[in-house]
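What follows is a pair of complexes built around chain A, which joins chain B in one and chain C in the other.
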Partner chain A sequence: MWRYIGRKLFVYLLTFVIAVTINWMIPRFMPGDPVRSMLNRASISDPEALERMTTYYETVFGLDTPLYQQYFNFWAGLFRGELGVSSMLYPQPVLDIILRSLPYTLALLLPAILLSWIVGNRFGAFAARNKVLDNTVLPVGYILTATPYMWLALLLAWSMGIVLGWFPASGGYSFSLIPEFSWLFISDLISHWFLPFMSLFIVALGGWAIGMRNMIIYELEADYSNYLQALGAPRRLIRRYAFRNAMLPQITGLAVQLGTVIAGALLTEIVFNYPGLGTLILSALNNRDFFVLQGVFLFVVVGVLIANFIIDIIYVLIDPRTRVQMTGGGA
Partner chain B sequence: MSNVAGAPGTAEKSDGAAAKRGSEALHYARRNPKLLIGLGIVLGLLLLGIIAPFFVDHDPNEYIGPQGQAPDGEYWMGTTSFGQDIWAQFVYGLRATFLIGIFGGGVAFVIGTAVGFVAGYKGGIIDEILNMLTNVVLVLPALVVLIVVTAYLEVRGLFVQGVFIGLTSWPWAARAVRSQALSLANRDYVDLARLSGRRTWKIITSEIAPNMSSYLVMSFILLFGGAILIAAGLDFIGLGPSNGVSLGLMLESAVGWGALQRGMWWWFIPPGLGITVIVASLYILNVGLDEVFNPKLREL
Partner chain C sequence: MTLRVNDLKVYYQTLRGDVHALDGVTFDLADGEIMGLAGESGCGKTTLGKSLIRLDSRMKHVGGTIELDGKNVPIADEKAMVPLRYHEISLIPQYAMSALNPTRKIGRMIKDLMKARGVDPASIEDELHRRLELVGLEQDVLNRFPIELSGGMKQRVVMVISTLLNPSLLIADEVTSALDVSTQRAVAESMVEFRDRGFVKSMVFVTHDLSLVYQMADTIMVMYAGHVVEKASAKTIVNEPKHPYTQMLISALPEVGSTEEQGRLEGIPGKPPGLLDPPTGCRFKDRCPLAFSKCSERPPLVEIEPGHWAACWKTG
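And then the complex of A and B:
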């Protein structure tokens, strides 16, 4: 078991190193001068401030030292928690800006991922080997997985936000309110949260339902199902066993799909102008604020790695076979 | 196992067998509604994307019509708030969408199958290394990597976008191909080919790949659809081809110029619908193909 976890950890560590290296390499090896193009967009009229910023960014990039030195400096800075200073919100540190947006993205992502996974699995299990349901759930599932996240977000924002006016279609909370811990503010927060959450939830739902349906059909054809059936076990019991076995690939699927769902959350946020990481990426792109962009990239990668690791541990905990196999392999 | 690969006479025999299998697949294909519907829609939209732009006599981004016009007889899908013809943008966008699917999906397919075959066939240390590489790229969130990489490009083209998408979206295909190749690599006929001293590459292309051709086709279709969705996301964030037309860029400008607030539904519904219909048809086509090639699924 420890060998397994150790291997996984090694892959994640390697991924982290590669991500950091990508982050370090891109501004240095891409054509063009990132410092200049960043400051051109920052629209600073005061020449003295511009001068100060230019020298700051040139020292941060450390372009006058040899390459390997730059690389180690980059890592050293990372371990001190320095992600640089934003150019669009100069002189705020990138870390603070990201930490301000992060709760919004997490509040969207975590419930959307977990609920869509649970509900999708239920739906899929229900639909398998049921002619009527199968013929409706399957096409709907495929259409949902094929829907671009931002398009469903647009449809919801337009229909329920603007035409019907049930929910606000833009922002994280009303501008007339001051963030505080009051019932008014929290209910406002929730009503702004609802539509982006729904659109993420619905798109993600389809994939899980399809995956579960296919797995259940596969499990129902397995020997143990046929044997149980021959013994005259009730249908419900066989299905319950099939469901539990079909869960395992779905948990692995959760890890694989994580990147897609996160990308979907970023796109959805842009549609709703929701103040999370997605909107931050958009404004960083428009202002050519590469430090913010790279900081967000690093945060997302670290988040994905942590989530993957948690999923790995859950997998080991719920599938006794992996444990037996691993200790057996070690002995 | 008298079927010695490369021995005289076998080529003709396997040709005959292949033809028989092909006609059997065709028999089921013609009776599979999923396959027919999916294929029909994809081909129809492809034709629309190829042919319709020839009947549009102006540039899709040109300001030619009244501003913010709802759909009518002259402008089938209305106009944007600048007076651009949305129908023209839509058909050019379809073309771009298929192109990015072929480029991006193609690059990913080539990398994924190459890595998968080599890892599955060679095994050992090479497998370990390639597997590690696959896992690393699999964990990295593709769209976020693409955002960071393409943000630095001053000029972006369709081709470059496709290559980058391909470079980040191959891992699951590599995994799938690897596991299939792994199970085929120890078959007797592959062993025979190896004993007869054939080159690795030759064995992979002539012994292993043909036996999983249906699998490869399905992988390509999924990669094709995936590339379209990723490209749409990139375009929507504003990292699409510079001065280009695509369905994702249409969505971007619709959101950017307040189509939502002005209630201009004809601006953002067609591009999103186009993407959804193409990708969903590809997926359903894939399910149909699966049923045709996989006898276990046919009874349903």
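And then the complex of A and C:
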């Protein structure tokens, strides 16, 4: 068991190092000079002053050193928990900016991913082998899962936010309120959270339900199901077994889907102007603030890696076959 | 008489029409009898085995009756069959290697199954352990997952599970096909022992391995293209078969010590007829060297001597 986890940890660590390296590279090879664009905003006409300010900021951001040294500095900063200083919101540290946005994204993503997965699986299992449900719900599921996240988000924002006016269509909370721990503020937060959450939830739900339905049908045709049927076992027991076995690919699917869901969350946040990481990425891109970009990507990478690692471990706990493989024992 | 099957007809429904897999099968099975059910692939032997316990969704009961211990077996009625299954009629499936749920420990699965069938798991626990020991398995297999067992072990576990409630009739479908020769023998011997100890009253042993059933079965029934061709004691079938098909089937088996000079083994030329639109009369007539005009009528299965039944105009 520990050997398996150790091996997995090593692979994840390697992935982490590579991801961080790419993460460091991309903004540096992107077109546009962040210091220049920051100074452009100040519209300084004196070339000498411009020259001196450029040198000053390059020292502040650590851009005056050779590339390889920047790379090592980046790693060193990482271990001290320093992600640098933002250029668009100078002089705020990147970490503070990200930590401010992170709760919004997590509050969107975690419930959307987990609830859509749980509900979708239950629902798919329920719809399998039920003619009426299968014929009505399945096509809807196919449409939902093929829907782009931001398109559904736009649709929801327009219909329920603007036409019906049930929910606010933009922002994380009303600008008239001051963040505090009160019922008024929390209910306002929730009403702002609802539409972006729903758009993520609905798209993911369709995919899970279809996957589960197909898996259940497959498992109900499996030999062990036939054997139990021949021995007169009730439907309930057979379906319970089928469900448990059908869950295994769904868990793998969850790990695979995580990346897409996060991308979907970025677009959804932008549509709803939700103050999470997605919106942060967009404004960082627009302002060529590659310190913030780097920081956000780092958080996304770490988040996906941690989630995948957890799923790997869960998988081992519930599927005896992976357990046998990893301990190296045979039949 | 344990089992009495009378003119059983079961067809497979396909898009191109009905496949007449069992077309009027009649036979009796006595208490304590192990009957080997032999024939080529596609002759309906597995279909017969399945029909006795559970029709799958494509199978349709067209006619005929089955009686077990004097009671009718309502094979077409899925609900009414449930109380009979496992308690009265049980099955060791063809796919015993994959018959166990891969994500449940075997002991746990047996408990679940017992509870679902209204049997207190504690009441059969000692018996379960005894029977596992009888087939040479340790009690520890109950704490293992199916993947941790070898093919032969899984086969034996399924054997024990299937017979745990002492059914009247056990259908063993190709149980030895996937095993190597030495394991085959062990499995066959355990099956006989299960019968001798009264774990099962009687048994239908579906196989295409005539030499194996010859050693363990009391009687052998040979099927061809959905019809019963001949039924007699195992010795009679192998040593003095009367039906031309059985004769050719037996002569296609090698004998110990035979060499090529003594004559090459003869197969049966031709192939069995398609059952989507089966020929009338005797279904073997196109391949039969003895066929004559009367063979266009279906020969009845008659008792040509006590305990020896055959369906051929030439033997009657």
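Methods note: the second predicted complex is superposed on the first by the 277 of 331 C-alpha atoms of A that agree within 3 Å, B and C clash if a C-alpha of one lies under 4 Å from a C-alpha of the other, contacts with A are read in each partner's own complex, and residues count from 1 in each chain.
Here is the rule we use: a contact is a pair of C-beta atoms (placed from the backbone, for glycine too) under 8 Å apart; a residue touches a chain by one contact, two chains touch by 3 or more.
Please read these numbers as outputs of a predicted model, since none were measured by experiment.
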Room on chain A for both chain B and chain C (clash or fit): fit
First (chain B), second (chain C), both or neither touched by A:N23: first
Winner by number of chain A residues touched, once chain B and chain C are compared: B
Touching partner for A:W151 - first (chain B), second (chain C), both, neither: first
Partner chain(s) touched by A:I262 [first = chain B, second = chain C, both, neither]: first
Which of chain B and chain C A:P234 touches, first, second, both or neither: second
Contacts of A:N226 with chain B and chain C, given as first, second, both or neither: second
Distance in angstrom between the closest Cα atoms of chain C and chain B, superposition on A: 9
Complex interface listing, chain B residues touching chain A: 132, 135-136, 138-145, 147-149, 151-154, 172, 225, 229-230, 232-233, 236-239, 248, 251, 254-255, 260-261, 263, 265, 268-269, 271-273, 275-280, 282-284, 287, 296, 300
Touching residues on chain A, where the partner in the complex is chain C: 222-224, 226-234, 236-237, 241, 244-245, 248, 318-321, 324, 329, 331
Footprint of chain A on chain C - complex, ascending: 53-54, 56, 81-87, 90-91, 93, 95, 98-105, 112-113, 116-117, 145, 147-150, 158, 161-162
Complex contacts: residues of chain A adjacent to chain B: 11-12, 14-15, 18-19, 22-23, 26-27, 30-32, 34, 37, 138-139, 142-143, 145-152, 154-155, 157-158, 161-163, 169, 217, 221, 256, 258-260, 262-263, 266-267, 270-271, 281-282, 285-286, 288, 290, 293-294, 296-297, 300-301, 304-305, 308
